[in-house]
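Here is the structure we will look at, set down as structure tokens.
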Amino acid sequence: MEFSAIEIAGILHGEVQGDPNVRIDKLTKIEEAQTGSLSFLANPKYSHYLYHTRASAVIVNRTFVPEKAVTPTLIRVDDAYRAFSELLKCYDRSAADRVGIEKHSFIARSARLGDSVYIGAFSYVGAHVKLADRVRIYPHVYVGNGVEIGSDTVIFPGVRIYFNTRIGKRCTLHSNAVIGADGFGFAPNGENHYDKIPQTGNVVVEDFVEIGSGTTIDRATLGSTVIRTGVKLDNQIQIAHNVDLGSHTVIAAQTGIAGSTKVGENCMIGGQVGIVGHLNIGDRVRIAAQSGVTSDLPDDTTWFGSPAMAAKAYRKSFVYFRKLPEVVKCLESLEKRVGEMERGKDVR
Amino acid sequence: MEFSAIEIAGILHGEVQGDPNVRIDKLTKIEEAQTGSLSFLANPKYSHYLYHTRASAVIVNRTFVPEKAVTPTLIRVDDAYRAFSELLKCYDRSAADRVGIEKHSFIARSARLGDSVYIGAFSYVGAHVKLADRVRIYPHVYVGNGVEIGSDTVIFPGVRIYFNTRIGKRCTLHSNAVIGADGFGFAPNGENHYDKIPQTGNVVVEDFVEIGSGTTIDRATLGSTVIRTGVKLDNQIQIAHNVDLGSHTVIAAQTGIAGSTKVGENCMIGGQVGIVGHLNIGDRVRIAAQSGVTSDLPDDTTWFGSPAMAAKAYRKSFVYFRKLPEVVKCLESLEKRVGEMERGKDVR
Amino acid sequence: MEFSAIEIAGILHGEVQGDPNVRIDKLTKIEEAQTGSLSFLANPKYSHYLYHTRASAVIVNRTFVPEKAVTPTLIRVDDAYRAFSELLKCYDRSAADRVGIEKHSFIARSARLGDSVYIGAFSYVGAHVKLADRVRIYPHVYVGNGVEIGSDTVIFPGVRIYFNTRIGKRCTLHSNAVIGADGFGFAPNGENHYDKIPQTGNVVVEDFVEIGSGTTIDRATLGSTVIRTGVKLDNQIQIAHNVDLGSHTVIAAQTGIAGSTKVGENCMIGGQVGIVGHLNIGDRVRIAAQSGVTSDLPDDTTWFGSPAMAAKAYRKSFVYFRKLPEVVKCLESLEKRVGEMERGKDVR
């Protein structure tokens, strides 16, 4: 990828001030820019960087007036932040050009492939799989029997998708995510041993879902584990069997949700949170990082701590936890004073 | 998989009431059933679902007397719950029919394969590996040099087994588990740097063990990391070098056990628990989710919190943690009253 | 690997006492030794094991004087611990002999390979990749377009390296680590939905870095996520986009560091720690396991708890947390006594 400032101004409907032919080969924050970098300046708080930056070009608002001389070429646009975001999206789309079947892949005869599908080397596409148009499957992916994947979904290297999983359109699954492995279900038998409870359900992932690297989503014992439209899951998250995640809920890394818990829509769940099984979490619930949730949570509430409490209450209690040594000292001195008064009274 | 109600009644030694030819193509909970579903009704609490369900057939106890008209075909058996479990097991066994060597696999000449082994495409079986009868290795599995795997063990896609690992019979290893990578051992040298301590041992997994997706079990520095008979490990668990897990111990997702810790038999350990290294955890110990264990734990005890305390004591302390703002307010008002009394005395 | 005691004494410049021809086929701790084991005795605390061990040979200090008859062959050296460590290193190097390209691998034409490189079966080496001399890539590894890997680095099975990642020399990446997947960046749009923020940066891993199994390191939104020289990461660690880890910092398993946080040099971070985003952690900082860090931390400090406090202060507060029921009981009884005194006064 190499462009000139004038070419980029063309894409952004901007105006060039300075050398129009300067070469751009990367997008960089203004404070980290080097020769060849294109940066942007939107927040006036960062303007001072402009006078020292090594960037070759900087996108600025049309209304921006520099206070000193400026070395990089300026590209003036209506909204510098939005223009830079547009460029990032162009960049991202340009990575999305893989099409065709690479050699060394395994595709069952009964699999049905849409138009413009990409299947990378060493990927395995099982019997009766259905891949819609423009699905991209990178190398080393396992797609088990009977799996269906919607259009424009991207599956990165090393993802494992067990049999009968359903994945919607425009989803992204990152490397080494595992979808549809057995739920963790065992029944104690008489002798302190465990018998496995067969896990016969599946996983249903709806549209516009993103799933991070190493995240595991187990299939249901019966029925489906469901990840609804627009859910965003970070890396190394664990979703147990029969969980149901509501639309547009966002979960940060290393959080675990135990079996059969239902989470509402538009929730925001921090990293390393644990939620026990068989709970109902409402809509628009916020849960702080490292919290441990052990009871149902109503809509529009915020939680913190392990076990989790209303966030404000937890913070108040924690203020006094920090002061516990002082609190106890105060109590002890008070006890002494009361003892002295009591003895004083007795003496009288 | 498609059956008629009469065929299923035959398998279960049950009696059909209603249409014997209704077609069944899935097993479903009664509250989520659809056309084609076979469900069961064992707990009287759920009987009301029977009168509205869309299930095509429902297994009920022979003694069950409906209170209203019923649409689905009923299959009457001695014990509805047990009968349904039997069907689930049949279903599970039917998935277990893969045999043979798929093309694109790599099998070292010195590897020894038992009867009816399955090796999936893109799997790698190293030198001197021994696979017993009916071992099933799905695609994309790495079996390092000198590994031995017992009969009927199933290894799902993407599992990595480093050299010299021993795995017993009837084990299940889920996708992307890693067995036998280097333990995390480094010795500080003079210059604030670290030298690697070679990790020359291995991992021994005994029989009837289940290992979840993304779980990592490191090999010993010297000797063996041991996972004993019947242990069940959920997803994304970390077992460090030289750990020894006792028979039939069950551990939930995202728990980590540090180096050289010994865990007894029949323990139940919740999710996201951390146990530090070089500890002795007794038999039948229970540890609540998100606990942090920092000391040896005796047999038959229950623990909670971080650092972990006896579970009852932790819960009591936590009750007052919640009330800390009130406790402190009470202390402050008491201090005031005592101050007033002291001043009152002085005045007198 | 099989040696005689006299051969090992030769390697170690030691002296044999006992049968010089006894066969050695494994290295084992003295308390776990079996026939064929070579063990060592350095710490006098363990001497009693020597008189009962089943080891075939034991390395001891030249100055060691047994108190009773000894069965195993002794190999006397100047420093028994150091001699044993030397043997472990020999053992480790002997595993490092893989060279050449195994069949079933995929290597893009534009990739450039150094001397004595190993590429295992089913590994994928993308366009414009540069592998320096003696890089060893085990089976099932994905090396994306434009990745560069320095000399003597070892990549174990199933590692995924996204495009443009830079990895230094003498690094070790364990199975199923994922380097360079998209950072977790989404911008809420008007309708409670999220738009993806393109992640256009990369990951830079410097020299002598070790990365554990299942660890995930996301690429930067812009610029680079940086793992500096000598960093050691245990298994299942999550490093978010734009994090910068200082040289020789060591992190235990299952810890997560959120976006844009900068960690200093020579830090020691325990397991299951969470660090929120956009923080500055100083040099030589120590953070206890399961801590939750929510603010900047100065150099040379030690932290504990969630939210993290200075470790000493946390431990003090926790002592009183344990005693909270007693503290409250004490407060209640004091309140009673004060009430009685007040009433006494009123009566008077």
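First chain written, first letter: the chains are A, B and C, and each begins at residue 1.
Please note the rule applied: contacts are C-beta pairs under 8 Å (C-beta built on N, C-alpha and C of every residue); 3 or more make two chains touch, one makes a residue touch a chain.
These numbers come from a predicted model, not from an experiment.
Both copies, chain B and chain C, contribute mostly unmatched positions to the interface they share, with under half of the numbers common to the two. Relative orientation of chain A with respect to chain B corresponds to a rotation of 120°, obtained by superposing CA atoms and rounded to a multiple of 5.
Our note on geometry: chain B versus chain C, Cα centroid distance of 25 Å, whole angstroms.
Touching of two or more other chains is recorded for residues 104, 122, 140, 158, 176, 214, 236, 254, 272, 306, 321, 323, 327, 331, 334, 338, 341 of chain B. Across the complex, chain A is touched by residues 104, 106, 122, 124, 140, 142, 158, 160, 162-163, 176, 178, 181-182, 184, 186, 192-194, 196-198, 200, 214, 216, 218, 222-223, 236, 238, 240, 254, 256, 258, 272, 274, 276, 292, 306-307, 309, 313, 316-317, 320-321, 323, 327, 330-331, 334, 337-338, 341, 344 of chain C. Touching chain A in their complex are the following residues of chain B: 27-29, 32, 85, 88-89, 91-92, 95, 102-104, 120-122, 138-140, 156-158, 172, 174-176, 208, 210, 212-214, 230, 232, 234-236, 248, 250, 252-254, 265-266, 271-272, 289-290, 306, 318, 321-325, 327-328, 331, 334-335, 338, 341-342, 345.
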